[in-house]
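Provided herewith is a single structure, encoded as structure tokens, for subsequent inquiry.
Labels for the chains are A, B and C, by order of writing; each one numbers its residues from 1.
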Amino acid sequence: MDEIATHFAVERLLARYVACIDDDRLEEWPAFFAERCRYQIISSENYEKKLPIGVFIATSQGMLKDRVAALREANIYEAQRYRHLVSSILILDNDKGIVRAQSNYHVVRIMQDGATALFSTGRYLDRINLNGAAPVFEEKIVVCDSRRIDTLLAIPL
Amino acid sequence: MDEIATHFAVERLLARYVACIDDDRLEEWPAFFAERCRYQIISSENYEKKLPIGVFIATSQGMLKDRVAALREANIYEAQRYRHLVSSILILDNDKGIVRAQSNYHVVRIMQDGATALFSTGRYLDRINLNGAAPVFEEKIVVCDSRRIDTLLAIPL
Amino acid sequence: MDEIATHFAVERLLARYVACIDDDRLEEWPAFFAERCRYQIISSENYEKKLPIGVFIATSQGMLKDRVAALREANIYEAQRYRHLVSSILILDNDKGIVRAQSNYHVVRIMQDGATALFSTGRYLDRINLNGAAPVFEEKIVVCDSRRIDTLLAIPL
């Protein structure tokens, strides 16, 4: 796969990923990850200090499914929606279809009463496997710029 | 046209579309649509409930021209500007050059005194005809995340 | 280079450019410009009135290096970070690898205490030389939508 095709595959995966979350199709969200994977939300400060303190961490697709089940149970998801924008995707490395990519995001949160506010900004640091039938995240580290992250964090980023 | 070329054509159309609005070249805006078209601004809530209640709806290029004339008449356009960001474009279907695409947007509004605020977030649901000399929207549904939409809605989204 | 490859080269340059700023690797920032260049931050109002009043202007890579040195000296950079999103890239002209391009940006500023706010929105108007070993900006005009720009402007946009 050439450089442009690789970029396009990553861009498309990210577009499908954020559409899944923004459309509240959370049951489909774990399938974007490999069976054994790493999904972590961490503040920029802790990430740079290499402090292993994440707001949320999961190391398997099963844990992501549990997370969604817990969210549905709590019914928190009804109270809010997200709208992701992602840009400035960079392919950092491509080792036989195992791609490291980074991108920037802004996420806006829309509450049920219509109140809209910037919720989180940061970077996605992804390791993506492009070799399967559909590309999947082997690792997705969400590095949030602000240390002030809503500890509830109802919806995945 | 292959997948990447189709994506590129849609991305370029959307980029030209938002540049036209953000540059206040509203007189050029109706030409982005087919003669018979559907342009609708609707809240996410009404869209999902399939309630046919749109903040604004037009079914021809002529109606869009009337809209622009009304805006110019009212001189409201002088008081504000928009800045669109669009990302996460997905081609959902391509039937011989008739393409269904969706994308995410964040729009910031800048008032004449410089005050800047997030104005609207949401999705574009587009049906685009790529077969003509220039691509045009046959349908553009702007699904706003928030029910709180400024009813004036001076500028198109 | 065909249209898609040119677009991709410009998109990649912009992605690397904003990653450099957002990662606080400011010492690498001047190398994105040609030795003789033009980097200007100007309000939309002054840009449209063709008033030669810029918030900041530099006409060589050396001036950009001086700027970074001054920022490091002042230690202001520690107090804040940016997160850029860039979209709607349009190639306006391509004269043998000298490309004129425009794009939209939203920049969020994150203060050290975690406070996050929309800092600047606007357009990049770029003249890019794609003929060298790495693409460089010959001209980058940052047209800010709001006249209310923080005069300190610690970090480049």
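Just so it is clear, a residue touches a chain if its C-beta (ideal position, glycine included) is under 8 Å from a C-beta of that chain, and two chains touch if they have at least 3 such contacts.
Every value quoted in this text rests on a predicted model; they were computed, and no experiment measured them.
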Interface residue identity across copies chain A, chain B - same or different by half: different
Angle of the C-alpha superposing rotation, chain B to chain C, to the nearest 5 degrees: 120
Interchain centroid distance [CA atoms averaged], chain A/chain B, Å: 27
Where chain A touches two or more other chains, by residue: 4, 85-87, 106, 118
Parts of chain A lying in touch with chain B, wherever the complex brings them together: 4-5, 8, 12, 14-16, 18-19, 22, 81, 83-87, 106, 108, 110, 113-118
Parts of chain A lying in touch with chain C, wherever the complex brings them together: 3-4, 7, 44, 85-90, 102, 104-106, 118, 121-123, 145-148
